[in-house]
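Below is one structure. I have some questions about it.
A, B, C, D, E and F label the chains in the order they appear, each numbered from 1.
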Amino acid sequence: MTKFSHIDKSGRARMVDVGDKPPRLRQAVASGMIYLQPETIELIRENQIKKGDVLTVAEVAGVQAAKSTPTLIPLCHPLNITRVVVATKLLPHDARPGVEVTATVRCQGPTGVEMEALTAVSVALLTIYDMCKSAGQQMEIGKIRLLEKTKE
Amino acid sequence: MTKFSHIDKSGRARMVDVGDKPPRLRQAVASGMIYLQPETIELIRENQIKKGDVLTVAEVAGVQAAKSTPTLIPLCHPLNITRVVVATKLLPHDARPGVEVTATVRCQGPTGVEMEALTAVSVALLTIYDMCKSAGQQMEIGKIRLLEKTKE
Amino acid sequence: MTKFSHIDKSGRARMVDVGDKPPRLRQAVASGMIYLQPETIELIRENQIKKGDVLTVAEVAGVQAAKSTPTLIPLCHPLNITRVVVATKLLPHDARPGVEVTATVRCQGPTGVEMEALTAVSVALLTIYDMCKSAGQQMEIGKIRLLEKTKE
Amino acid sequence: MTKFSHIDKSGRARMVDVGDKPPRLRQAVASGMIYLQPETIELIRENQIKKGDVLTVAEVAGVQAAKSTPTLIPLCHPLNITRVVVATKLLPHDARPGVEVTATVRCQGPTGVEMEALTAVSVALLTIYDMCKSAGQQMEIGKIRLLEKTKE
Amino acid sequence: MTKFSHIDKSGRARMVDVGDKPPRLRQAVASGMIYLQPETIELIRENQIKKGDVLTVAEVAGVQAAKSTPTLIPLCHPLNITRVVVATKLLPHDARPGVEVTATVRCQGPTGVEMEALTAVSVALLTIYDMCKSAGQQMEIGKIRLLEKTKE
Amino acid sequence: MTKFSHIDKSGRARMVDVGDKPPRLRQAVASGMIYLQPETIELIRENQIKKGDVLTVAEVAGVQAAKSTPTLIPLCHPLNITRVVVATKLLPHDARPGVEVTATVRCQGPTGVEMEALTAVSVALLTIYDMCKSAGQQMEIGKIRLLEKTKE
């Protein structure tokens, strides 16, 4: 298509071509954890955290982060996602207590949405960290991974 | 499509699915008012406001805001809008004098653009407020509403 | 300070100088209304809106919009705001029923934060509009105005 | 300072006041891991990943994410950070091989920068994930935590 | 399509309609130069610039800028670009020594991507300027132009 | 200040420390050119360009770009700029006819604002390119350079 193909030699950073792939309905599900002290989980459940309603704010932040993925991750393709659900679950009785965040993202497009789902999870977890940090300092975020990736 | 359907139970904040809706040519028209003192309207008309050309800056801000709608409104879907026109009209002789802003937005997509039109109107009105605030303090923004919503 | 003072002649659009003003603790309070049908207000109160928890999502959107003000309003100065509270109040029994949004913004800086408070209110109201639009179409946003502006 | 103190009653979401805290020189250090297959680590070291130079792109993404923290995390305060360094370290021989990311952030301001450091780490890790995902699917992000927080 | 066609009279700022144009595979290639002192070019080649790896950071900044084009250029249409490559070339022996930046952008859409390519080039050049400015002050950016624009 | 100084070894990309520098009033002036055909300059002067009022839109875009500089240029420090003026001048009779753009930026801060001034100029020139591209294809952007940099 171009006579300037030599300019593609650079291997430093490229957004690879997805223009030839037909648009399909794609979905990805990702999840992650923030490990908290049981007392902090209790404060979240009772809505006693000073900054506000932790789980709703985290879910909103996750949805917005899914939309910001191509801005945050330099080589991600922009996509018009058609659905995002971020869900949170308190796990006070686990061996390692905490809050689990799961994100489901869908789009009709030429490439998958796993980065959108993983970004939604990461930012929702960071938001919980931010809102709870005055309540107790021993927090850790982990287990961020893809659960499922499908297309139709 | 997913075996993780249980994670959709959360009712806190969701970007609802529009992936099954076929793309159609959609248009929305919205308008709103900023109420100003007649002397301020005169200063705008004569281009005497210190910060610059109020109506052009407001129209530019409105167009850009239309494009930022999914960033601003948490549960709005990203859409590639194909046309935005923001128009302003001085109304110095109305019972309640002011400037009327109207925005027309079009897209080819699976859901409507009324939020884009309403956001364009709101931000154009806020821009007028900002540029005129040193000229006189009694301002109010109102009557922001959808005038028309169509699809083909 | 410059020998290029002639370039200031252009009157098209300028971010005026606030560099000489000493930083002070400044606060602004703004409010606005969205007019809704009483049944919609009831759905909000009972948390039955399909997109989620309307009032919390609107408050979060308002806080974030306060931080985005200099991006949205072209000639606004960037400021590091130190506090934002967006509050919502259901008014089902008013002559014109609806939801009232109030925003309080503070900063330590050289210029006031009224645009930040007004922008927070506007975007919170647009968010309520977006979340309720599937529930009933007769909505209008209005009465957006500054309630108080102080400095210490 | 205000006669509208009643509007602070809402507990849904607030950016708490830091306006009374004197600016101090603050620093935070955070780190995290992405677990990868040894072959993928080798491809990164030899700069053979198709999308480009993984570690440099990840470090750039982390620095930019530190600056975007108040946009991403809804209740975070905007701050003018004065220094960001994001460092990456290949750990192919660990019990659980992967890449470690560490971020150091400084500011002169009224509140700390731990969220900036944690966000830089998270986005750098997501960037590595994005760039390596075509090379091998078993990846997980974890151990994101604060290492140090100081002020002078 | 609308009965509000009169509102289009305003000539101040409009994002013109591209909604009727069929999506096609489009590509644009643009380039530009930053003129530098030969010693600065040598420092870049040897990776001795204090801020980091100049060419990789510039290429990443260019890719991200291509995605931000509709935010930066007020009347540009949002497009989901499907490929971006930004390449840099050291030219120490030219009559006017410097670094050449070339950007190739593709999309499947209703309008071309020349602004995306030109914006990628401009921001990559500004990034080189920023990273080299402590090393030597006589820099100039120029020759930013479109090399090729095609569609299939 | 930290026991993690080893993490600074990475030379890939760093936002260097400006935290120890005292805030001072700083100003930068930059300029650049877009070369156009004389007929296009005439269309701009007569406000006959279809997309709108070219010079005002370009000046607004330049002011906004100055504020976005730390987002666009990866290793730039965030600063609260206190003044931006972008001016445009038609030069139809020059040896190489075109439009000259000049930007003046001020801040009270620990580091200079030359990147803000250069970015404002670049984006204003790109905006002129975008608005005039349907009127005639031979355009080139050049001569982007710093004119003055001062502090008090």
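Here, contacts are C-beta pairs under 8 Å (C-beta built on N, C-alpha and C of every residue); 3 or more make two chains touch, one makes a residue touch a chain.
As the structure is a computational prediction, the values presented were derived from the model and not from experiment.
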item	value
Chain whose mean Cα position lies farthest from chain D	B
Pair in C-D, B-F or D-E that repeats A-E, with over half of contact pairs matching by residue number	C-D
Chain whose average C-alpha position is farthest from chain A's own	F
Between chain E and chain F, centroid-to-centroid distance (C-alpha), Å	14
Rounded Å distance, chain A centre to chain C centre (Cα mean)	27
Where chain C and chain E are represented by their mean Cα positions, the distance between them in whole Å	34
For chain F, residues that touch 2 or more chains besides their own	12-16, 52-53, 56-57, 59-61, 64, 68, 71, 74-75, 80
Chain contact graph, described as a line, ring, star, complete graph or other shape	other
Inter-chain touch pairs (all)	A-B, A-C, A-D, A-E, B-C, B-E, B-F, C-D, C-F, D-E, D-F, E-F
Parts of chain D lying in touch with chain F, wherever the complex brings them together	25, 27, 29, 55-56, 59-60, 63-64, 66-68, 80-88, 102, 104, 106-108, 147-148, 150, 152
List of chain D residues in touch with chain E within their complex	52-53, 56-57, 59-61, 64
Complex contacts: residues of chain C adjacent to chain F	1-4, 7-10, 12-19, 70-71, 74-75, 77-80, 109-110
Touching residues on chain C, where the partner in the complex is chain B	11-16, 32, 47, 50-53, 56-57, 60-61, 64-65, 68, 71-76, 114-115, 118-119, 122-123, 126-127, 129-131, 133, 137, 139-146
